[in-house]
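I'd like to ask you about the structure that follows.
When the chains are written out, they are named A, B, C, D and E in that same order, and each has its own residue count from 1.
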Amino acid sequence: SSPKTSSTEGSKELETTVETSQQVSKSSEPITITLGVPASPPTLPILRMMESRALGEDVKIKLDMWNEPETLIAMTQAGTHDMFAFPLTVVSTLYNKGVGIRLMNVNTWGVTYFITSDPEFKTWEDLKGKTLYVPLQSSPPDALSQFFLSQAGLTVGTDVNIVYGSSTEIATLLGSGEAAYGVMIEPQVTKLLSSNDKLRIAFSFEEEWQRVNKTNTKIPTAGFGATQKFIDENPELTIQFQEEYEKAVKWVNDNPAEAGVLAEKHLGLPAKVVEKAIPNMGLEFKTPGDAKEELDMLYKLLFEFNPKMIGGKIPEAGLYYDAK
Amino acid sequence: MMRNKSWEKPSGWDFLLAAGIILALWQFLTLFFPPLVLPSIKSVVIKLKEILTTPVFYKMIGLTVERMAIGLTSGVLVGLFLGILMGGVGRFRRLLMPMISIMQTVPPVSWVVLALVWFGFNGRPVMFIIVVSTVPVIAISVCEGFKHIDSRLLQMARLYHFSRSKTMRHVIFPSIAPFFQSAFRIALGSGWKIAVMGEVLTTSDGIGGMIKQARLNIEPESIIAWSAIIVGLFYLSDLLIDFCFRERRKTHA
Amino acid sequence: MMRNKSWEKPSGWDFLLAAGIILALWQFLTLFFPPLVLPSIKSVVIKLKEILTTPVFYKMIGLTVERMAIGLTSGVLVGLFLGILMGGVGRFRRLLMPMISIMQTVPPVSWVVLALVWFGFNGRPVMFIIVVSTVPVIAISVCEGFKHIDSRLLQMARLYHFSRSKTMRHVIFPSIAPFFQSAFRIALGSGWKIAVMGEVLTTSDGIGGMIKQARLNIEPESIIAWSAIIVGLFYLSDLLIDFCFRERRKTHA
Amino acid sequence: MLEMKGISKRLGDLPVLSDISFHVKEGEIVAIIGPSGCGKSTLINLISKLDIPDSGSIQGIGDSVACVFQDDRLLPWRTVWENIRLVREPEDKGKIQELINAVGLNGFESYYPKQLSGGMQKRCGIARAFYYKGELLLMDEPFQGLDYCLRHEMLLMLLKVWRAHRQSVLFVTHEIDEALTVAGRILILSKRPGRIMKEIILPDYDNRDMASQEITTLRQEIITFITG
Amino acid sequence: MLEMKGISKRLGDLPVLSDISFHVKEGEIVAIIGPSGCGKSTLINLISKLDIPDSGSIQGIGDSVACVFQDDRLLPWRTVWENIRLVREPEDKGKIQELINAVGLNGFESYYPKQLSGGMQKRCGIARAFYYKGELLLMDEPFQGLDYCLRHEMLLMLLKVWRAHRQSVLFVTHEIDEALTVAGRILILSKRPGRIMKEIILPDYDNRDMASQEITTLRQEIITFITG
């Protein structure tokens, strides 16, 4: 692949350009929004917003990456960061643990796929007597996998053996043919499929979810949030951010190639892979109000699976940010 | 040797004092940091109680203990063997040192996939990780110890035609013992941490698996409670090994 | 001291031979494992070339080198200081050893949030992680070294009223030097690994950040290439430190 | 100067010294003779405060005691010059060189102890003790391992230094002739546990002739005493 | 037995031995006398193959050489008994005890070297060398640090053992009387670099009387030679 720039590298570059532009409009008061984001799909719209200066010349966006939960916790606790992109489990847990944080929108849906190299494999029932590789025990993909397995009448441990690993290791094992059945998330799915043509997506969890529950709701995965403090201090900017973010999500879906280039530049993700993955990444903007039904379903399922995953209880409505 | 009274085992009082200082510091820091950053002593104690009264957790502890015991023992034996080879024969040192350095400097994430494919998801990669991090510590120390063997005693052994094994037992081992001991102490201490990190990396059971889950569920008090259990295990193992060494010394001296 | 010819620095040939063995082993293993598990030598070399011709990567390497240099230096100094305190005064040893043990056994995930909140997201937690893992290695070794100081020389120093600092410089330091050296060698070797693991845990730049990215993108050849760079850095640092030690010895002997 | 009263000492289970009382006057050279293992070095340790007696009192020792140790105790990682230099500050280059010449180590100033022969190490220890200029000089078999000529030279040097500075000297030896040459008094210790068996007062240095009848008689007396 | 031809040796930059040639016959005791630092211990090292000469040849040494080292070289972590026992297998308990008694270490069998006095360590080294029963016995100032009586006893013991086993002995000493008592021949070395200056052949042991005129003359001869 081609040379990549690192994330912070990119953020610094942007800062300087923004700073020079600030000198043009000295009159208004400049403000910096500090974001904590993982190198994953919800970050793509932010990159677009930074490039297009969607929030105007006075608003500087500073990106910090979080990859381990510790970093995110520290970001929420140190008071240094204003907004975050995070999985919906994490935001619920943090909220339930008393962190002053709001979910502004849900932006990622689905993204979990069942990958296999077994040409015979058709339904969950075919897993009987097999080993399934799942990234991260007690993560939503695990909860969903177990949910689908039980719906198919299979018992974990006796009918199906589940092996957990980190998503990198699971991907590697699938790609190298050491594992035949695995659960993966985008954008690694796209990367994985391009590395081994025996592999195929057997089904997306989204479709399974709709099939099993007989609905047409989707599975919400991740969203964007802000601290209560930031919202209180910058109500207008928050609304503006929300609007711009929605636009940026659309832009990413409409311009996967350009989004891929941005991802490579700032996140170090390969442009081609991101471009190919964007249609599968389930990027869609919904306010918490609009996504209420899906959120409730998800949280209910996770709560029944393991309450600790969402911080012990289904989050109250206070979690959801409402512009009005 | 400088063996005066102050070299005896920690007196109980000083130990309690040390524990007190640590707890006081902790308590003090909780005044400044929110519980997600630094959980309160109380919440950790509650969690600890929960862990220590739940049978399934004993199984997890047992798994880690087993991995640690096997990994450390093999690592120490291999390290000792390689250290003696390297210390005794310059050629071996020049050949093996680069490999030892690679073992030591390459982060586990680089070869953990290989270890998983090789050993499976059954916890054996954890042992492998412990071995890989123990071997260099022991081997390098032992090899360094060789440099400081009194060559006059080696000459004596040669003159009196000590067999190779006799020279080993009576000249070389006692000379490198202090180096081995300090290395062993280091390997034992870090071993527990490495066992847990290996578990975080390659399995979902054992203490590492519990910590991984606690991380995922954002339960810092649980992470700290498990860490306290690791520290406790370290102390137990330290006492045990001290006891064994002392028994040995008694019968051999 | 057993300083015969075979204790000289690795002869070039043996080093090449060692490198050859490692590469051959690698090549051999690639026959059995798919490239995702163990990438081919060629793909890694290509990646290495790419890294070494891209300026921005030098910045990443520089970041890691800087963190390592600061972390290791502070860790060694603090470790030396604590080791001397513990070795010299039994009371300090009993008080400090539990804290050293905790530093050593508690996995970084337990306190990394605290470190992040405390030191910020600027890479300083990485240095802190290096310090925390270096201090016990040095302190325990130095403390162990104290046990093996020849008490007859200490008596001599007392008789001739050596000042405290003179006794330090001329009796104690030279006696514990071999222990310090072996500990330093261990800390240096593991230091690079720990720096990288610390970066994986707390930042997204430096070599650790690059490895994390490579993991995310499932590019094992990139992971291995970066690991090779770490090994190279270790060798450079080892040479550098060897050189400094030798210069010092020249002027002081 | 030095006053020991009723000193006893056990090492481990072994009674090593038992009820030792003696004194060394200001500017006196006292020689101690006794069988190997009777506690002479232990006695030296007690006087130099490196060990404490089980009972009895030691008095009158100032703070500056120099010692030629039986086992040398040179710093292995320092050169001959450094080993000597370190015991007194500021460095007196002329004096150090003079002493190094006197003990015949010139040319070996920058040798490390392990590069010296046994006798040369001993001599380095002697030079160090002299350089320190203690009020009390303890010497534990200092000329052991030196050859016939050197031993004679060293004795002369000791007497010369002593005449110049008149420090008190306590001198452990196995050589009766050495004691007869250099001491003002000789103490003879018993087998372990060491007790003082006999004290022999020697004639003035000025009218002491090693070939004289008096000395020959004394020598014979000592020999009969210790062999008998 | 032992035949040395044109041996030279440098240590560092220092020429230590220069063109040494001599021999030791089967069952002969040869004493070596020489100033401190002249290379006697270096010579012993060469003979015991612990070091190699720069030039010259050493021949006729079998495989079993015992040595009383000048610096003892006891294993610090082994007891007196163990230090002796280790040099020969299988363990001959009776013999070990006999030797320990002979050197006067009975009661100290389970002491560690650092718990012994200097002279006692030396004696432990002597017992060890005797226990080994080498064809060639090298002794580097073996009785240094022993008292008058012990030294005499040790000399007698050496002669007794020698009479029984007739092994060859090379014996370094600074004590002329020791050499005169025990040696068949005496070699006198020069100052560093050591060369053989003089060889003195002594009368038969059977008609050797230390008080005899012959011995007195020899002693005087040696003294004049080394002081001259």
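Assorted remarks:
We take it that a contact is a pair of C-beta atoms (placed from the backbone, for glycine too) under 8 Å apart; a residue touches a chain by one contact, two chains touch by 3 or more.
All of these numbers come straight from a predicted model, not from anything done at the bench.
Common neighbours of chain B and chain D under the contact rule above are C, E. Least step count on the touch graph, chain D to chain E: 1. If you lay the C-alpha trace of chain B over that of chain C, the rotation comes to 180 degrees, to the nearest 5. Chain pair with the highest count of contacting C-beta pairs: B-C. Centre-to-centre spacing of chain B and chain C amounts to 17 Å, using the average Cα coordinate of each chain.
Our note on geometry: chain A versus chain C, Cα centroid distance of 37 Å, whole angstroms.
The centroid of the Cα atoms in chain A and the matching centroid in chain B are 38 Å apart. In whole angstrom, the spacing between the mean C-alpha positions of chain B and chain E is 50.
Residues of chain A found to touch two or more other chains are 68, 70, 73-74, 77, 168, 172, 176, 178. Taken residue by residue, chain D touches two or more other chains at 71, whereas all remaining positions touch fewer. Residue positions of chain C touching 2 or more other chains: 1, 33, 36-37, 109, 113, 117, 200, 215, 220. Pairs of chains that satisfy the touch definition comprise A-B, A-C, B-C, B-E, C-D, D-E.
Chain E contributes residues 45, 48-50, 63-67, 69, 71, 73, 75-78, 86-87, 128, 132 to its touches with chain B in the complex. Chain C makes touch with chain D in their complex at residues 1, 152-153, 155-156, 158-162, 166, 170-171, 174.
By the touch criterion given at the top, residues 1, 3-9, 39, 64-65, 67-68, 70-71, 73-75, 77-78, 80, 168, 171-172, 175-178, 188, 191-192, 195-196, 268-270, 273 of chain A touch chain C in their complex.
The touching residues of chain C, when paired with chain A in their complex, are 33-37, 50, 54, 56-57, 59-60, 109, 112-113, 116-117, 120-121, 200-205, 209-210, 212-213, 215-220.
If you check the complex, the residues on chain A that touch chain B are 68-70, 73-74, 76-77, 90, 93-94, 97, 99, 136-139, 163-166, 168-169, 172-173, 176, 178, 308-309, 311.
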